[in-house]
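Chain nomenclature is as follows: A, B, C, D, E, F, G, H, I and J, assigned in order of appearance, with residue numbering initiated at 1 for each chain independently.
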Amino acid sequence: MLFAVTMDVAIPHDLDPDVRADTLAREKAYSQDLQRGGEWVSIWRCVGQYSNLSIFDVADNARLHEILWNLPLFPYMTIAVTPLAQHPSDIAAG
Amino acid sequence: MLFAVTMDVAIPHDLDPDVRADTLAREKAYSQDLQRGGEWVSIWRCVGQYSNLSIFDVADNARLHEILWNLPLFPYMTIAVTPLAQHPSDIAAG
Amino acid sequence: MLFAVTMDVAIPHDLDPDVRADTLAREKAYSQDLQRGGEWVSIWRCVGQYSNLSIFDVADNARLHEILWNLPLFPYMTIAVTPLAQHPSDIAAG
Amino acid sequence: MLFAVTMDVAIPHDLDPDVRADTLAREKAYSQDLQRGGEWVSIWRCVGQYSNLSIFDVADNARLHEILWNLPLFPYMTIAVTPLAQHPSDIAAG
Amino acid sequence: MLFAVTMDVAIPHDLDPDVRADTLAREKAYSQDLQRGGEWVSIWRCVGQYSNLSIFDVADNARLHEILWNLPLFPYMTIAVTPLAQHPSDIAAG
Amino acid sequence: MLFAVTMDVAIPHDLDPDVRADTLAREKAYSQDLQRGGEWVSIWRCVGQYSNLSIFDVADNARLHEILWNLPLFPYMTIAVTPLAQHPSDIAAG
Amino acid sequence: MLFAVTMDVAIPHDLDPDVRADTLAREKAYSQDLQRGGEWVSIWRCVGQYSNLSIFDVADNARLHEILWNLPLFPYMTIAVTPLAQHPSDIAAG
Amino acid sequence: MLFAVTMDVAIPHDLDPDVRADTLAREKAYSQDLQRGGEWVSIWRCVGQYSNLSIFDVADNARLHEILWNLPLFPYMTIAVTPLAQHPSDIAAG
Amino acid sequence: MLFAVTMDVAIPHDLDPDVRADTLAREKAYSQDLQRGGEWVSIWRCVGQYSNLSIFDVADNARLHEILWNLPLFPYMTIAVTPLAQHPSDIAAG
Amino acid sequence: MLFAVTMDVAIPHDLDPDVRADTLAREKAYSQDLQRGGEWVSIWRCVGQYSNLSIFDVADNARLHEILWNLPLFPYMTIAVTPLAQHPSDIAAG
């Protein structure tokens, strides 16, 4: 089941630099594990923004929430979720 | 070069039914030609909306505008364009 | 899988009264069939609005879209969809 | 009398961890007491958000305000209240 | 139980003048009956707007919806409802 | 001359508790003096909000500004002012 | 008593040209009468907009509403009203 | 050349009181110098707001920016600029 | 004196095709005359939108308004005007 | 390939003055290098705002993101990106 998710990041300017670096490293590893597992299908940088647009393919709403809630950057993110369905014009729709 | 595009459709209620049906058929064919050509990479229906989220891979801004401007439904669409770049956490980034 | 859906209705003032009456009757029957089937769990009127707040329990995104897209009033509705998950404070969470 | 309430939580990043943990524990207990008492009818997590959508069944406006004002997380919440009424298409409407 | 309600009126420019005059006359009579009955406590014109701010004192949400839904101008109104409670600084609070 | 005023309060989380308590006590006394004097006609709590809706009856714009500017909580408030006039449907309009 | 008023004009495209011309002529005469009478102190065109920013000096809220409500273009206007008071930095404040 | 400018002031609560007092004194002197020089034509307090609406008469855009940028309160202001032109209904238009 | 102007075009779907074609032809000629005259410095299409972003270099506000007000498409446009000044980082600033 | 970019700057009031001065100096040098290189085509100050409107001419989306992401002021900026294409009325369009 597909979802489009946009994540806007706003890390406080006074966050301890070590905490910041550690959080970013964990965020990257966390994302890449889920990409390799097939649930985090795509991640693009929105040009000029500290934001990404991602596509997730998950079993259900609960799993998507679990993934997003546990993002190391979650406390610093504004997230928007759009449930997706197959489009009737999609050539893969047969 | 990648772009995310959302298209919200609002066909006037009093549009002639034949014009409407013809426009929708041309829209579908137009989209599928571009999908087969590789420029219209993905198209998803946004659940509960007369809207889609699409990913385009085009040579430049001019080509993207040409594609969108010539959508048969363009006069009835509200379109938002987000330029995309590779995300540093993308496992395809090497 | 649960979703909250708000539907704001704006029927054009010049819609033919018979078409209007027929559409409303079909909308009611359509909703009640889905309520009896267990997918349309709750429907409440938002006070002072031609709007409802509904809870759906469906198999997946595709099924939710199919239900909403086929609402007889869909062409006259503005719809917002919020995917829901179990809340950790819910006493049913065990 | 039913109300839909959405609560968006934004705990300051510099809140003392002990105060934070204590507040969250009191919030959960407070919510569950009201759930058991029948006034806090439903609570769902909004996917990807530090937010919930809840349904309250209370005697009147004053009681709803008393409940919300005394939420341990109230100082950190943005709350929206929608009064609800029975929908004419509700199969429970007889 | 008190509610603040704002009603913004937008009558279509092409409404038949007789229908318009009749609707406005019925709206005034309807409002004044409810004022005399004590449920429509106050009605003020918002300066420079085709809008009013009103205070209602009704038994419950259902009654407020019944009153608003049956306003002769309801199809042409945008309505916002704010549930009110006694303020702790109100000198009537004792 | 009547005005509707909404006041949304957002006291900084790190305000000294004694300053906070003192400010709230002065705010209440200030409001009640003006209520007794007849200029602050009504004050209601907006349910679920740290906000009030108030009606003022003052000599002119300058007096309203003087009252609002000197609210002890003014530095922490977002205020909206709506000038009111008698509504032609008001049964008090004669 | 001073008020700033912005008026955005949107005349329907299908308004009869004679009605349009007559309405605009009456609007101009109406405005100029009030300017000569001293109540409509200033009127400026907002560059690139079918809008004006005006300053009114009127006895009270009721008079301002009477003036605005009777504008020949009122049915086609979106109006915003801001009550003004003397600024403490105004050199005329003494 | 005329411009309408609104300035909303939000001084941080933790600004040093002496710095605050000094800044406000310099702001007032700065404004009054420009009023006496004829460039800052009008300044009004927006009722209930820490805001003003001002009219400037300056040689060009560059001069207006120079004036606003050097406001002692500029770092704490949100500013909106509206270029003005003579209105055809202005009785001074001849 | 420079201004950035965005123009969003929304031609009514039922506009007579001949009137539409004539208006578009006059719009293009009008724009090109002003480009050749040096006042309409730049015009770009916003990708995927029936909109343009333009830079104007005009004598004053009045001239900019005269240009925009007389655009053949003006009745169908939503226009936003931003006054510009030289940026201190501009290498042309010397 | 052209892009319009608006950058709104909000430097925290408590930023160390030396860090602030250094960041601003690096920002200016960075911008001027890119202006001399031909990628940062234009930069204008928006009058009355700590903002600029810029035109970039870059090879692709990735290059634009690289430029913006590395702005010394990036952590303090809100950025909006609009992809541009040649306008059919542009006299340079031939």
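In this text, contacts are C-beta pairs under 8 Å (C-beta built on N, C-alpha and C of every residue); 3 or more make two chains touch, one makes a residue touch a chain.
All values derive from a computational prediction rather than experimental measurement.
Novice: Can you tell me the least number of steps between chain D and chain G, where a step is a move to a chain it touches?
Specialist: 2
Novice: Following contacts chain by chain, what is the lowest number of steps it takes to reach chain J starting at chain D?
Specialist: 2
Novice: Counting C-beta pairs in contact, which comes out ahead: I-J or E-G?
Specialist: When the contacts at E-G and I-J are counted, I-J has more.
Novice: Between A-B, I-J or E-G, which shows the same interface as C-E, counting it as a repeat when over half of the contact pairs match?
Specialist: Going through A-B, I-J or E-G one by one, only E-G repeats the C-E interface.
Novice: Where the centres are mean C-alpha positions, what is the separation of chain A from chain E, in Å?
Specialist: 45
Novice: Based only on mean CA positions, could you tell me how far chain D sits from chain F in angstrom?
Specialist: Distance between chain centres, rounded to whole Å: 27 Å.
Novice: With chain centres defined as C-alpha means, what is the inter-centre distance between chain G and chain H in Å?
Specialist: About 22 Å, centre to centre.
Novice: Could you state the distance in Å from the CA-based centre of chain A to that of chain I?
Specialist: The mean C-alpha positions of chain A and chain I differ by 39 Å.
Novice: Among the residues of chain E, pick out those that touch two or more other chains and give their numbers.
Specialist: Answer for chain E, listing residues that touch two or more other chains: 2, 45, 47-48, 61, 64-65, 81, 83-86.
Novice: Which chains touch, pair by pair?
Specialist: So the chains that touch one another pair up as A-B, A-C, A-D, A-J, B-C, B-I, B-J, C-D, C-E, D-E, D-F, E-F, E-G, F-G, F-H, G-H, G-I, H-I, H-J, I-J.
Novice: Mind pulling up the chain I residues that touch chain B in the complex?
Specialist: By the definition above, chain I touches chain B via 13, 45, 47-49.
Novice: What does chain A use to touch chain D in their complex?
Specialist: For chain A paired with chain D, touching residues are 5, 12, 15, 61, 64-65, 68-69, 75-76, 79-81.
Novice: Taking the complex as given, what residues does chain D use to touch chain E?
Specialist: Residues 1-3, 60-62, 64-65, 81, 83-86 of chain D touch chain E in their complex.
Novice: List the residues on chain G that touch chain H in their complex, please.
Specialist: Touch list, chain G to chain H: 2, 4, 27-28, 31-32, 35-36, 43-48, 52-53, 82-91.
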